[in-house]
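Here is the structure we will look at.
Going in written order, the chains are labelled A, B, C and D, and every chain counts its residues from 1.
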Amino acid sequence: MALKKAPMGWNSWDCYGAAVDEKTVRQNADYMAKYLKPYGWEYVVVDIQWYEPAAESNEYHPFTDMCMDEYSRMIPAPGRFPSSKGGKGFKPLADYVHSLGLKFGIHIMRGIPRQAVHKNTKILGSNKTARDIAKTASICHWNTDMYGVDAFKEGAKEYYDSIFKLYASWGVDFVKCDDICRELPHEESELVLLSNSLHNCGRDMILSLSPGPALLEKSELYKEVSNMWRITDDFWDKWELLYAMFERAEKWCTHAGNGHWPDCDMLPVGALRQCYDEKEWTKFTEDEQITMMALWCIVRSPLMIGGEMTKFDDFTLKLLTNKALLKMHSDARNSHQVLRKEIAGKEVALWTATDVEGGMYAAIFNLSNKSCTVKVESDDLEVASFANGFEIFTGKAFKGGDVITAKIPAHGAAVYALGVKE
Amino acid sequence: MALKKAPMGWNSWDCYGAAVDEKTVRQNADYMAKYLKPYGWEYVVVDIQWYEPAAESNEYHPFTDMCMDEYSRMIPAPGRFPSSKGGKGFKPLADYVHSLGLKFGIHIMRGIPRQAVHKNTKILGSNKTARDIAKTASICHWNTDMYGVDAFKEGAKEYYDSIFKLYASWGVDFVKCDDICRELPHEESELVLLSNSLHNCGRDMILSLSPGPALLEKSELYKEVSNMWRITDDFWDKWELLYAMFERAEKWCTHAGNGHWPDCDMLPVGALRQCYDEKEWTKFTEDEQITMMALWCIVRSPLMIGGEMTKFDDFTLKLLTNKALLKMHSDARNSHQVLRKEIAGKEVALWTATDVEGGMYAAIFNLSNKSCTVKVESDDLEVASFANGFEIFTGKAFKGGDVITAKIPAHGAAVYALGVKE
Amino acid sequence: MALKKAPMGWNSWDCYGAAVDEKTVRQNADYMAKYLKPYGWEYVVVDIQWYEPAAESNEYHPFTDMCMDEYSRMIPAPGRFPSSKGGKGFKPLADYVHSLGLKFGIHIMRGIPRQAVHKNTKILGSNKTARDIAKTASICHWNTDMYGVDAFKEGAKEYYDSIFKLYASWGVDFVKCDDICRELPHEESELVLLSNSLHNCGRDMILSLSPGPALLEKSELYKEVSNMWRITDDFWDKWELLYAMFERAEKWCTHAGNGHWPDCDMLPVGALRQCYDEKEWTKFTEDEQITMMALWCIVRSPLMIGGEMTKFDDFTLKLLTNKALLKMHSDARNSHQVLRKEIAGKEVALWTATDVEGGMYAAIFNLSNKSCTVKVESDDLEVASFANGFEIFTGKAFKGGDVITAKIPAHGAAVYALGVKE
Amino acid sequence: MALKKAPMGWNSWDCYGAAVDEKTVRQNADYMAKYLKPYGWEYVVVDIQWYEPAAESNEYHPFTDMCMDEYSRMIPAPGRFPSSKGGKGFKPLADYVHSLGLKFGIHIMRGIPRQAVHKNTKILGSNKTARDIAKTASICHWNTDMYGVDAFKEGAKEYYDSIFKLYASWGVDFVKCDDICRELPHEESELVLLSNSLHNCGRDMILSLSPGPALLEKSELYKEVSNMWRITDDFWDKWELLYAMFERAEKWCTHAGNGHWPDCDMLPVGALRQCYDEKEWTKFTEDEQITMMALWCIVRSPLMIGGEMTKFDDFTLKLLTNKALLKMHSDARNSHQVLRKEIAGKEVALWTATDVEGGMYAAIFNLSNKSCTVKVESDDLEVASFANGFEIFTGKAFKGGDVITAKIPAHGAAVYALGVKE
């Protein structure tokens, strides 16, 4: 399956942790369809623990009981997803999302449920049972739901085939698989088996690997087996994490391409942590959000909104529907950092990208906590001179020439689209 | 509890793996009582998986069902230990062993049964249940029976108290606790909790920690909480492992003392691997067995026989009932390596020890694969001259003086008792 | 000083080791002026030990006597460089090279001569002497000529100023500084001091840092202080080294830019090792040389010929004067590896680059030791379709479309120039 | 050469750094002969840089000129050692020391003088010269006097033979060789060569290796080639360093024996740093000095006084002439730490040793900064009961029994001699 741009959508984790419910998903899907779909946003993804009846926050319940069918496959907790009752799984919810012109995604954990292993339940299409394929000592270090699957055991392929066939029957378009991205090389054989089952299940699905940091030396494997892979541990609304992303993005930038993107993780914008005791608005300043969007878009990271969309304020909605910005996200090629240095005591990073129609982008980041004025010369970007263009966030026109002079606030960014066709 | 010498006994693992049964234990106890007890041998230890009905060899059965009481405590599999039926546990077998004038030991795994966690069974003396005290992600890497216990959780102390009270009621004298010795510092709090429960259970029990290699920097902790701790991974009848033990013994020798001994692991002598497809006699040569016994005894390692005793040949029985050798095991003090070097192309190690009555020992090891003649001078051992004495394995008299000259076969040893009182 | 393309030239090391002489330099300069200058080749660089009278091969003479002026500065050995007699230094030779329309370069070792320190000679422009600025314990690990200079000592700046002023007076255009590139962070202050002196000496000089591998985490520093830096230890005519360069090039490719280039080291082509007992022709096959040139050119590495030019055969001369290839070396932007994977058991790498006039390059490498046929689709390179073009080494036309199909010999390469203007 | 006890003496470093002179040495020798010789003190050692005319403090003068004979051998600076004039070397001073009934020692640096290499001077007994045997890139990291000698080069043996023959002709009894102990394995061949030359020079000399920390895995090598080796970097009068010595001593204690002793470094007692701007008295409290002496003596470390002896106060002199303490230093065998733990919040260490006449020692250290009362039971030391005896520092009698109860001040120690014959 060849894709032309990195996925854009919404994911329930940053707001609802392990406890999102059907009503919330539908309400965010409605909002997306109305306000964001015209700009390219399309995926609605239900994150972790949808099979856990007792989930109530972002904390996990170790060893808790989960909803599972007779073939060792997790199914939605009907108390949280009422439309799934009667063995319908996520089909009704996916149908609804599709009816809005959007796509539907779910989160899974690598492996087979521990409770399946302890009950020794069946595997569809095999006479082996759960205990036969569980991999001894392969567990997730932060969640007790699953044992890893031993790819070399008979029955392992049938198990993975069976879960993706189930998801295909539900109409799933996107699978975020957790506890796998940074578990290489130990769990590489399971990753390959899982990817093969997904790609042969009869329905196109994006495969997203989590959590990071991914291993740079495995870049070609990630490209082969998946569509996106997390280059960072969980990203949240802290400047230190955003600052650190520049170094990660620099290392991974050449690995973005058709159908495969390094993933900078979700965008913690707007209302976050709605399942916490203290509900909170993003702690990022507006300038930091601009910096985040500029970096994610120029490197073509997948864009997955983390906030509760129905509570968006004007700034957030405007930021996420900036057409020129999203055009860069779609069209950028050859993204890379050109330089990073101190200018008059301020740490500055310069990134560039091209498009395939002769346009180019210059993104200037002020990583310091004071505003600064930066000059970028055409020599820096190895062009004879800069074409006419404009700054993406302000819309202000730029008259081509040898120098861009930008005054940039603390933690802020300016991105110039130069010679980019409308 | 103050002990005067390191434990001596028999352990079922080297012969019967996970599958020993009551009949075998009784038959070995009978043999020990008759032939070995007079020499100080006294412990009869049932090793791993006595709670697993389906055990049949040295291989584990991942995720298999186990015998457990309502309070999450493992109990003997009645098919393998018939006298345990009706909730009697190991009491009848321990009573039998005691009736022979011997002591009874069992193996346990650190933690709480995974099946208790999945069934969420009760904990005696607490309103918490198994899931409440299991430690997420603390598992054994080679056995699937247990989850670690989180020492900081309410109910954890009650659980450990409850198992040792049960063992006390059975009459257990010795507990070999597995998956703990080398798991420091991660599982240190669980080790301390377990040790406290054992020492407060109302019955004296030896606490033996496994598997190794133990961590030298934790030597003082091992001394505090246990009586013996494995300084090596599993030891078997291979020269390479015996050769490697010299270096381990050198590092640990100063840590043997009253009630606490570095443990070189079981003695793979005689008939081994009786539960394997190929039953086998020890692959050690007689000289290698002499070397092993000489090293274990001079450093005062616990002595746990690994072979099926009823099949002992004359050599083995004689080796294990060598009075002078076992006197050194009992009386040695200040054991340490004096030198290790090449003499005429042969690698030689010289060890020494004293006793508290003015006697001394000199153990000469030929670590090369050719016989060699070694001269030890009184200057080497910093005495004015050597007292009269004898060589321990041959019984040959040594007339005191300035030099010991010993011809030692390949992989062999000679041990001189000098000025040692009868 | 802004440069538009990476330096191209000749360096004496691969043929003459530590022992090149003036006659040889002149003869190669003559050849370059006649046959290579029209294609952009211009630097003639005298490598290491030009100040050592006794040099005779590629081996160093530890602690040997060297030619030095009264101010602790190395000067050419007059026996090897006759025109330097009478204190003229390299001025006459540089003048000659300039008279041919070429540029002149020399090699230096970081630091101050050990013999200056032992004689405690003067420093021009300072009342400090050699011992005052030598850095204790900072020595080169493979050459005994120098002590490092302690940048924090008075007199250090004057010393470095004095040597670059001398080189400027000689007419030096290029300085290859050794024992410094991979010596970070220990010698960072000396590197910065040295770079400042060079850039303030009154004459434009390229600064080339050696030996590698350079440290990726210091990439921004290299860009700031130098023009090129070695990303590898010495490169020679062995396939293993060429194979390994792909991984190095992948890591460094985004760091090439205006005036600063990661350096893949000299090109061991044609007649090599003329100062060795066994003179030898390059051991690279023709296909391997094509692969080398394709990689060096697409990543814009500096190109420094290692072979004796007057002995070039037709293949070598043609390879080094391939106009389309050298145009890619000059014009490539955004070079990076797109993928690397096994196709039918053959390991293949795909690289791409653009130019600033709408053209693009696709370089396909066969890293296996059997020939193979590779298909590259326009989707792989994220373009709607490929423009018309040609293969650079064969000159064969390519008619645009969705697929490039290339049959590539073992260890060989094919490079397509697509939509590139003449 | 078999030795019966570890060397005891005085070394000039702690007081006079690189700058000791003949007058000072003679004055300390006089003091030792009068006040300390009766207690076993005998070595007078001239530490580093005796060949440097300009030495004036504890700081080194990088690359400075040194006194050397025509055969590349350092000789005493006559300005500092007037009796050495006329090529007499240290012979007159050694003769004087010998006339007092004492022994004479010197410090050397591993290798051959750098100035010999630069002047390329001769080697006695060889037609090779200094440059031929210097080892490229083998230098000391904290002193610029020497290059290492390449043991595999012709002339290397002759050089080392020639220096030890010179020292033998002077009457040297003790050689402290620096820049070698912790330089293994790199400089192992030079160490072996040097040791062989020393042991074949025709005069008995102690070989002391510096600086530490020595490598535990090379313990057998140190024993073979030397008499003492530093187990620590330079030791000074700081509690942190004394505290840290307990762990070092524990690791090395079994390696003390006849003619070979792990070395805890000099004793910084009394007046120190007499060549510094600020002359200072030791910063150790009296209790800390007792702790130091107790530890050094029970492990049989060499004892080398660091302070200016003529300024000793009563406490210091009494401490260094405590007969019972020095008897333990002489007679202790089997020294080792028995336990180290917290008792009521105070960190305590218990050491023991035996002698060869049935006596034993128990040393109790209070490593905390508050006084504490410690009970040691006979079980702790594995004896039936304690014999009669006395505390070594107070002289207070101890009536034998099952328990020793000692109140020990902060950072202090109590050492019991039990059943030790007069």
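Assorted remarks:
Following the convention adopted for this analysis, contacts are C-beta pairs under 8 Å (C-beta built on N, C-alpha and C of every residue); 3 or more make two chains touch, one makes a residue touch a chain.
Fair warning: this is a prediction, and the values are worked out from it, not measured in the lab.
Between chain A and chain D, the least number of touching-chain steps is 2.
A comparison of the A-B and B-D interfaces places the larger number of contacting C-beta pairs at B-D.
When the CA atoms of chain B are superposed on chain C, the rotation angle comes to 180 degrees, reported as a multiple of 5. Chain B and chain C have Cα centroids lying 65 Å from one another.
Chain centres here are Cα means. That of chain A falls 53 Å from that of chain B.
With centres set at the average Cα position, the gap from chain B to chain D is 42 Å. The multi-chain contact residues of chain D, meaning those touching 2 or more other chains, do not exist; every residue touches at most one other chain.
If each chain is drawn as a node and touching chains are joined, the picture is one closed loop, every chain linked to exactly two others. Pairwise chain contacts present here: A-B, A-C, B-D, C-D [touch as defined]. By the touch criterion stated above, chain A contacts chain C in their complex at residues 2, 220, 223-224, 250, 253-254, 257-258, 333-334, 336-341, 354, 356, 358, 379-380, 382-384. Residues of chain A touching chain B in their complex: 62-64, 114-115, 117-118, 120, 131, 134, 136-137, 139-142, 144.
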